[in-house]
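Listed after this line are the structures, all set down as structure tokens.
Each of the next two complexes has chain A plus one other chain: chain B in the first, chain C in the second.
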Partner chain A sequence: MAIAFHDETFRNDYTYRNSDEGVRRFPFPFGQDEYMYSVNIEPHAGGAPGSVYEHAFDIDEHYVSECRDRAITLERDPGRCESLPHMIDAEWDVLELIMTSLARDYPDHFRLRQDGTHWHWINLPLGIEQSFVFGDAATLPYPPFEYITRQTQGDFVILDQRDGDLWADSGMITQQADWSLTFDVGMSFKEWHGPVPRAHEIGVFDRALKYLLMLQLGKPVRRLNWTMTVNPRLDTAPETYPEWGQDRASVTPDNVAKKVHLRVELQTLFRLPRSNGVLFSIRGYLASVGDLARYPRWGKRLHRVLRDLPQDLAEYKGLVRYKPTVVAWLSQQDDGAALEVGTHPE
Partner chain B sequence: MLSLPLPGGIRRNPYSLVGDPHDRRKWRIAVRRQEQSRGGSAWLHESAREGQPLKVSMPANLFPMARLARHHILIAGGIGVTPIVSHARELARLGHSFEVHYAHRAPEFGVLVDELRQLAGGDVYCYVASRNEMLDFRQLLAERPLGTHAYLCGPQGMVENFHQVARDMGWPDTHVHSERFLAPPPGEAFAVKLARSGREVAVPGDQSMLEALEAAGAEPPFLCRGGACGQCETEVIACDSAFQHNDLFLSQPERDSGRKIMPCVSRIAGGCITINL
Partner chain C sequence: MSAAAPSIKSQPVYHALEWDAAGVSHLLFVAADDRPLLERLLAAPPRGDLTVLVTDAAAADHLRASGSDAHTVVEDGLARGLEALESFLRTADMGLRLYLVGCEDAIWQAAGIAARYGMSSAEIRLFQTGTKARPVFCVHCRAMTRGVRTNLADCSGCGRTLFVRDHFSRRLGAYMGFQIDAEEPGVKPPVEVAYP
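Moving on, here comes the complex of A and B:
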């Protein structure tokens, strides 16, 4: 089915909006009233038709505008896309994985013809048509990883596996959530996840790392992560803090429902066939608190999770400042009725 | 992993890919006919016909290459040469510095030597047992520059010896590689008794306990199916056999207590286990 792509912005006037369908398919992350950090990884083996889990890489109504926002960020700071030289095979692996997945899952929008190493790629929504030789970077306008991730929603990191660890040796990071520390190419898995409070005590990362080292080809996995953000802004990186940092103080009881967004990351991990690397895709979804509360189950649950969120996690996620305003607004939607377990909207 | 339709039932056997990984049109394997074949290699040599479709699973990389190494020493024992050929091909393509050492029983067992010579030229060394040539790990691993990685694929005894010698000589473990296992190894068949319903479920050797419970219509909890998340943790009420814990979740005291098991990856060595389900 053809997707109707929006023309919208993620900065300045912030015209980003979700359609009704966009809200309904939002990957709401809270199945229970209390949020706990855990190894919430599961196989990424498809999902209900229309859901964000249906395909390997989810393309939605924000696709065209999101790619445009990425191009703006890269124009201002080309260093947001980096890749170390030994990752070139992994870059081609990623290009192949994304192109074949999109062409298979969205034939109305993407097409790929492969004739040996001569490939022909058509991206209809972005109006791109490209003939190139697979394996010959000189035949593409950008290096392979940058080329294909400029045309895909979400941030991407390629992890190289060596010495019993995973090293983030390539990255396309233009939508980094503000709570993460600066991402540096070349970091190990542990360094990168170092500052998450509580997670180390309960051994979450050691277990997650061991599990990921054993990740198998054709058996991708996924997990959800969440934070909140003021205004539907994608580029909330530490580098541009002066541009958006003060937004946190702009939340009032009158604008909170529209201004504050729940930001959910669908993180998926794919083993790559030739390089043995791992593609880590961080696909963000934004929905305003007001839109979410149109489903009473979600409004009530979000209220309870935020109200009872431990202080250190609230600090880590950067929501201390405006959380009371959000909780106060949501409390008006919560009659205290018991909710059944699960993330479904209705 | 190939599913072979043997007369006694489907057998799933793993083989190494030896072809060019950049050729998307074919996968190539080498299968040595085992003298006391349990059926797999004999079937492939005698009964498999051209054009006959076989079920193949996605390939797995059990033997990854260290991409930042300065020099690679590839060592093959017997039919362990198959993944070594793939590595040699990849290293040759990347223009990396490497050498190959290939131990086998007799000249006629030296399959793929010519192919290796094409890839590595003069840096292929053969050790043929029938000519009393011996591969000495001590010599091979001595005085190597920093940044050298060594890889071995061969029989279990050779692998153990190789790791032992490397450790004795002060090689860091991260620079010494042999095949690793991704999925928990299959094991023996055993029985699971479900305490709450009184039902009994048979777990075949090539299935996990979780899969067998699901196939029997039970709905045990799970998430990651890889021993990491803790969702499938199950209380053990009785067990008349030895536990084989393959998970990353249970602590040593929990394992020692004999009261817990993670059915997605762990099993028991035959016999019967009763769980609280």
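Moving on, here comes the complex of A and C:
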């Protein structure tokens, strides 16, 4: 089925909107009234038709505009895409994985013809047609990892596996929740997650690392993570914090429902065949608090989670300044009724 | 662990420095004057060739006075010491072990040079001593500001007032700095000496 792509912006006038279907399929992350870190990893082996879990890489109504926003960010700061020199095999692995997945899952939008190492790629939504030789970077206009991730929604990190650890040695990071690729590239798994409070102490990263080192080819896994963003802005990098930091002080009772967005990351991890690396895809979804509250279950649950969120997590996620305004608005939607466990909207 | 666990896990923890018995030759790079440490190390030198490269004048004086017979090279200041390290590594053989002693700015710059010459982290031992002053990487303009002793520092590149975070990059050999008043311009906590 063909997707109707929006023409919208993630900066300046912020015309980003979700359709009704876009809100309904939003990966709401809270199955219970309170939130705490957990490993929460499960197989990424498909999901209900139309859900964000259905395909390996989810393409939705924001695809074209998100790719455009990424191009703007890269134009301003090419350092948002980095790849250490030893990662070239892994780069080709990623290009192959994404091209074959998109062509298989969205035949109306993407096509791939493979004749030995001579490949022909068609991306209809972005109007791209490219013949190239697989394995020969000189036949593409960008290095292979940058080439394909400029055409895919979400951020990407390639993890190199060596010495019993996973090293963040490549990344395409233009829509991150306040972490810096320039600063973090080359870090080990635990160094890279260093700033996350509490999770180290309860062993989350020990267990996650052990699990991911054993990740098998053809058996990808997924988890959800979340934060909040003021305005539907993708580029909330530390690099540009001077540009968007003041937005956090702009939330009022009148604008909160439209301005504050829940930002959910569908994180998926794929073992790569030649390099034995791991592709870490961080696919972000944004929905305004007002849109989410159109489903009363979600409005009530979000209220309870935010109201009871431990202060150190609120600080880490950068919510402290405007959380009281969000909680006050959501409290009007919450009658205190018990909610069934689960993330479903209705 | 020999030191208290840091609040952010990327921050290095340094263990008491010992010679690596698996080394064929050894280079001790000394960028701070830590007399007890040097005396302890040189009282029981490792097997194999040992070279001591000293960039700190006081440490060099102590070393001379101690009468140690280790092969010693003295360089005037960190910049020249790092150049000398690089020349040494250019002709070094397999089996070399590198020991880096000094403030974090010095030892991580040295570690970065060693990594460029193909030394693995298992072949390098680092020990922080002397000043706790931090090298700070501005995440906005990418400039490095060295020798930061306070919680806030003016960026040497863009001039923004940076908050010095505990998040550390081994590749950059620096802590992260970000603009402290980006959310409310002009609102800054008091400046305090945090890294004496």
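Convention: the second predicted complex is superposed on the first by the 341 of 346 C-alpha atoms of A that agree within 3 Å, B and C clash if a C-alpha of one lies under 4 Å from a C-alpha of the other, contacts with A are read in each partner's own complex, and residues count from 1 in each chain.
Heads up, the rule we're going with is that a contact is a pair of C-beta atoms (placed from the backbone, for glycine too) under 8 Å apart; a residue touches a chain by one contact, two chains touch by 3 or more.
Fair warning: this is a prediction, and the values are worked out from it, not measured in the lab.
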{"item": "Partner chain in contact with A:D160 - chain B first, chain C second, else both or neither", "value": "first"}
{"item": "Contacts of A:I41 with chain B and chain C, given as first, second, both or neither", "value": "first"}
{"item": "Partner chain in contact with A:R11 - chain B first, chain C second, else both or neither", "value": "neither"}
{"item": "Partner chain in contact with A:R283 - chain B first, chain C second, else both or neither", "value": "neither"}
{"item": "Touching partner for A:A208 - first (chain B), second (chain C), both, neither", "value": "first"}
{"item": "Partner chain in contact with A:G135 - chain B first, chain C second, else both or neither", "value": "first"}
{"item": "Chain B versus chain C as contact partner of A:K323, first or second or both or neither", "value": "neither"}
{"item": "Shared chain A contacts, counted only where both chain B and chain C touch the same residue", "value": "none"}
{"item": "Chain A partner contacts - residues on chain B that touch it in the complex", "value": "21-22, 24, 57-61, 64-68, 90, 94, 174, 182-183, 223-230, 248-249"}
{"item": "Touch list for chain C against partner chain A, complex", "value": "8-11, 137, 139-140, 142, 160, 165, 167-172, 176, 178-179, 182-185"}
{"item": "For the chain A and chain C complex, residues of the former touching the latter", "value": "79, 180, 182-187, 190-195, 200, 238-242, 245-246, 248-249, 321"}
{"item": "Chain A residues touching chain B - in the complex, by the definition given at the top", "value": "38-43, 86, 89, 114, 135, 160-164, 206-208, 210-211, 214, 216-219, 221, 271, 273-276"}
